[in-house]
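The two complexes that follow have subunit A in common; it is paired with subunit B in the first and with subunit C in the second.
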Partner chain A sequence: MAKAAAKESAAAAPSVERRPALAGQELSVTGVTLAVLPPAQRISLRAPDASVAALSKALGVNLPRKPKTSAAKAGRTALWLGPDEWLVIDEVGKDPLADCAEVTVLHSAVGISHRNVAISVIGPAAAATINSGCPQDLSLDVLPVGAASRTILGKAEIVLLRIAADAFRVECWRSFSDYVFTFLSEAAGDAAA
Partner chain B sequence: MLLIRCPYCEEERPELEFRNAGEAHIARSADMAATSDDDFEKFFFIRSNPKGIIYERWRHMHGCARFFNAVRDTVSDRFLMTYKAGEPKPAKLPGAFE
Partner chain C sequence: MIATFRIPGAGRLKQAETARFSFDGQSYAGVEGETLASALLANGVHLVGRSFKYHRPRGFLSAGAEEPNALVEIKRDSARRTPNVRATVQELYDGLTAQSQNRWPSLAFDVSALGDIASPLLSAGFYYKTFMWPKFAWKNFYEPRIRAAAGLGVAPDQPDPDHYSARFAHCDVLVLGGGAAGIAAALAAAETGVRVILADEQVDFGGSLRFESGAMIDGQDGFAWAQGAVATLRAMDNVRVLSRTTAFGYYAQNFVGLVERVSDHLQNLGRELPRERLWQVRAKRVVLATGAIERHMVFADNDRPGVMLASAARTYLNHFGVAVGRNVGVYTANDSAYAAAIDLKKAGIGVAAIVDLRDNPTGSVIDEARALGIEVNFGRAVIRAGGKLRVSSMTVQPKNGGGERTIPVDAILMSAGWTPSVHLFSQSRGKVAFNDETKRFVPGTYAQDCVSVGACNGTDGLSATIDEAYAAGAKAAKDAGVKNAGANVVKGTKPKVDASESWSRGMLGAAPGAGPDTTVKAFVDFQNDVTAKDIRQAVHEGMRSIEHVKRFTTNGMATDQGKTSNMHGLAIAAETLGKPIPQVGLTTFRAPYTPVTFGSIVGHARGPLFDPTRKTAIHPWAEAQGAVFEDVGQWKRAWYFPKAGEDMHAAVDRECVTVRKTAGLFDASTLGKIEVVGPDAAKFMELLYTNPWEKLEPGRCRYGIMLREDGFIYDDGVVGRLAADRFHVTTTTGGAPRVMNHMEDYLQTEFPHLNVWLTSTTEQWAVIAVQGPKSREIIAPLVEGIDMSDGALPHMSVREGRICGVPTRLFRMSFTGERGFEVNVPADYGQAVWEALWAEGQKHGACAYGTEAMHVLRAEKGYIIVGQDTDGTVTPGDAGLDWAVGKKKTDFVGIRGMARPDLVAKGRKQLVGLKTKDPKVVLEEGAQIVGDPKQAIPMTMIGHVTSSYWSENCGRSIALALVAGGRDRMGETLYVPMPNATIEVEVTGMVFFDDKGERLNG
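Our next item is the complex of A and B:
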């Protein structure tokens, strides 16, 4: 009896505390707010043209075919990264990897949920903040709302998604997340000044 | 900063996203074991290194990550054109100084 109780409490309180990258970090200065977004399901998807229709149906979101675009439906976003490469992000907890597993057409889906960390950059100075380390043109004509692109920020590679005119989602590898967040924090201070 | 047109992204992107990947249109022998040492040396080590127009492979490393070919002037560092990997050498170059 006592043994069972001990087991239970051990299961309820794991001895190792889980600490997500950048947990609880945020920054708010004049004109821009940085926040670490909650964990999401992500896959890196590679597929030839012939498989796109079947995969779109299984994922419930039409994989975009045009460069630098994204498509979103019911909490799931597919970002065009290359001619046969997409990043699929699911923010409502449904695993896109499981959906792809049911598809028999040729494709490669790799779960990268824990590889990436997402940071939101929101505010009138958001574009200026990102532009301090990203050489791309972030004006609305060139990067409209919904546009997505893999690019660089300082020395780290990021995937940039414009979620609104003054809001961006920055996806980076978790080992770069400390660098990226610090870079953005410094840049936010400069952009606000 | 140089702007390089990626034929896959279909727009000009900053040079920081790209990596040079050496001279283009160097075909690897289908039967490498039968290649003589002299021919292998030519294939493996010898590059044209011209002063002027050069055909190069580039990779849009921090973008779509695809390899493509570019025609560049090594004197002015100007990109004359870019085209997708696997496409033949362009017969005519736009705006080239002859």
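Our next item is the complex of A and C:
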């Protein structure tokens, strides 16, 4: 399955420049630093329970089964987004789409590397910054390190991943990244309060 | 000016800095940390406003959030003019500028106060009765004048330069109100280690402890204890303490809205600080410790400046160190006013007399007042206040009638008792219960996980309050389900009350002298100018429900929401109706508790954050080329690309001609894209679209139509089959999110048995349409791995390969009628691939074209746009798209809807082409069409124009229209009546250019 889409990962270097949205943007204020993260490989993975073991093996990371959790191994993170849905992010340049293409069990893997933009929000005021537009409880008891959630920030959908006690990864769609970064920037100014 | 009413040694602001301020142009000095009200009183100023309806002079009634009278405008600069600020809440800062409202030409002399004399015309319900005739006069005369004379304050006319912040927060125990009860509850909860938020609307915590000089807790003065306890709470990691923060709304599932006033009390507003911060808190348990509000006495002219609540006078003295007069009178039906008289007397202020409506009250405060030499009168009423711009006397009479005696005073302190603040409890949908003994409504049945403690629960006495609150705080923490106490928890003990004041209950309704046989102005609701007489009149005119009485009189409907007036109004209505109070009922409390600024609700959502502005990967190129953009939903799309000297018309004509002559590049990235993947993908497509899909070969495309269940067109788009189990679906730009929802909805609810999944890939791909006879020559040099010959890549096919070394899904398709391609590349490469294609295009004289040219080109070919040529009532048949409905299909969404009698009836509106008889005339989109222009008005309209353009390629105007029985009218002449002329049109087919479709391969 998914052979056609997997061709994307075949070699051959582009002869034109890649221009990621908001590339390199950063903002640092008291208590929090925002940074647009470099491009990553991403897939939206959908699969029934019966396929999870085989896909986990192919991806090299155990797909989490518990709501609002994630699992990470060797630069690859799988975020639970729904009972049959994961966002797989690879930050070391290995294409999870190609890995899934080798698997014959029932699933859907769709490449969305360019659909999303990631912003890191780091610092003691990181949670307060995000809480200016995200209604979730970001306390460590409720959203511990490694917890993930598809939620909202202001008027945009985001996927939130807690990467450390005071650090989050915010993923949003490309065309919303300007809004999300601007929102976080404005919120950051008030978050140390 | 010397602050002559400041009492040396009194109050808690001794070390404070002087703050200069002005009121109505007059300069004064106050001290930082006090309220504007306190500062004005210190300067002997009582007259601060004019009332809403009668323009009567008004002063301060209270010292807090319940203030109905002292509303002023605070002006910082031309943009920062805030009307209706309660002077009793506004903190003083150096340079504060305040103005009175609702007066002309001046506060002391207001011509509209004639309304006070003409008040018989302005009685309850006057606006329902008085201005009904003549009819035209309402709009031109009455309404503008009433609007000018009434109202409170003037709205600012410039954009708000301040910014507002917002925060969502969660906690285990949210304590609302920071008086003795709230602090005790917060201490008990915090000591268990749970997350606690304690909020109070005042600057200083303590609530009534700010004025209760008789309270001693843990061996300290009550207020000092409160400060120490709050300092302890602030130091705890698990506690957030919010002062200057009003809980204004209690919503479902313990969701509470609070506004924190961050910088309104500061002289300089730095850009760093927001003006206000909205807290939206979700709490596992809520403790309501909102206290009680003192009621005034309802007697004639009880609104004269200088007549105020006893607790307010006590607050000004004990907290701010300000005397409200030199020779005060007291009128009460309650013990608490005695404490005010005693405190003032001890501070050296003359107390002319205490007038107590009760016959033989006893108690220590009464003894103490007598011992201090204050004249105390029982069983007597104040039947009138003297003076106009300031109270000058009170006239006293035995309550059952008899000789009058007028006592000169410069202030009257009154207390009719205390009303529990059940506002937030009521907002939580809790039901209040009437306690017949104490004559007050207290929390009855709870609807949410909250508990009321202290005065708002009808609990009397400091000791009982702290016992109740401490236990409730501990229980709330336990009920919140917390197992482990935090590490930094300070184990405490219940605060011990060493001394307290106790107050008995008071009275409700009009006092003697303002009874049913009188016509005096005894105010019940100060802010809306409602008197006892108005309430009675409402009942006499047939109002029975308190809800009707409220609306007829407007009692309790002002911005103070009747905090001081509701119970009096209810009691008077009940008495007039001859019914007990609980049978008349209480009006509903609604959010907000006190007025909330628009800014705090809007928060960050203004300017660039008002709504996301979505831009494509190619947007920067178009911007650099000078494109004009149009808004399509949240997207910015290049509308047209004017060259120097070109207007829109010229640019669009050139773009349209160039595409058909050579080629054009178009940014189609905003089209919705959904990847449908799984072994049942084709089955799913069969069910969601009218078209057949099972037999579509991988590598081929089809134009698909999606219907709603009712048989009407919902969306359309070209779908490419990438593999047996994978479709690349495109939707309209505006339809992308709702089509995704529509598909997901059906998949989850109707077709859950199908093994197929949907993923939005709208933003994964940048899409560059290259259309025109030279399109293949432009693309081919950059493509690897795809045979682009007509044989290998025919019209309506899709291949995967590379362009500029970048992975691509290359579609051969056309929305112009020309040979065309849509190049999909990963979004981050969109602009670079566009630039490479542009460079190739330049060799052939290609242009970039925008959405307007796209619209014209597709209309020349009769291609519809869903949402423009359809309006949710158009079937595939109506749109001439019967060919896209699979004739052999037995099921798809909308198949039964399509068979409804009305949808197959003759004479339905059908999409046709229109050609104006004069080719130069371009019809207006939306214009109505008639068959006979000479018929009588109103004419029978048989359709309307849906799309209309000048077509440079056709050398004439073209239009599409929905016309009843349109396809049977080919060649018929119809008419489009316009304001200046009636336009003749001929009904034609929908294709205006290249009728045979040869150019798709041209």
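Couple of notes before you dig in:
Please note the rule applied: the second predicted complex is superposed on the first by the 174 of 193 C-alpha atoms of A that agree within 3 Å, B and C clash if a C-alpha of one lies under 4 Å from a C-alpha of the other, contacts with A are read in each partner's own complex, and residues count from 1 in each chain.
To be clear about the criterion, contacts are C-beta pairs under 8 Å (C-beta built on N, C-alpha and C of every residue); 3 or more make two chains touch, one makes a residue touch a chain.
Predicted model only: the values in this text are computed from it and were never measured.
Of the two partner chains placed around the shared chain by superposition, neither subunit B nor subunit C is touched by A:Gly24. In the superposed pair of complexes, A:Ala187 makes contact with subunit C only, with no contact to subunit B. Once the two complexes are overlaid on the shared chain, A:Leu81 sits against subunit B while remaining clear of subunit C. By the touch criterion defined above, A:Pro38 reaches neither subunit B nor subunit C.
Using the contact criterion defined above for the overlaid structures, shared-chain residue A:Ser15 touches subunit C, although it does not reach subunit B. Of the two partner chains placed around the shared chain by superposition, neither subunit B nor subunit C is touched by A:Gly93. Within the superposed three-chain model, A:Arg150 lies in touch with subunit B and out of touch with subunit C [touch as defined at top].
Partner contacting the larger number of subunit A residues, of subunit B and subunit C: C.
By the touch criterion defined above, A:Pro135 lies against subunit B and subunit C together after alignment on the C-alpha atoms of chain A.
Residues 135-136 of subunit A are contacted both by subunit B in one complex and by subunit C in the other.
Residues of subunit B that touch subunit A in their complex: 1, 8-11, 13-14, 16-17, 62-66. Subunit C meets subunit A in the complex at residues 163, 165-170, 195, 262, 272, 274, 277, 280, 282, 604-605, 608-609, 611-617, 634-635, 675, 677-679, 698, 722-723, 725-726, 755-757, 759-765, 784, 800, 802, 804-807, 826-829, 831-833, 835-836. Within the complex formed with subunit C, the subunit A residues making contact are 1-5, 7-8, 10, 12-21, 39, 44, 46, 48, 84, 106, 108-116, 128, 131-137, 139, 142, 154-156, 173-176, 178-179, 182-183, 186-187, 189-190, 193. Residues 67-68, 81-83, 85, 135-136, 149-152, 157 of subunit A are the ones touching subunit B in the complex.
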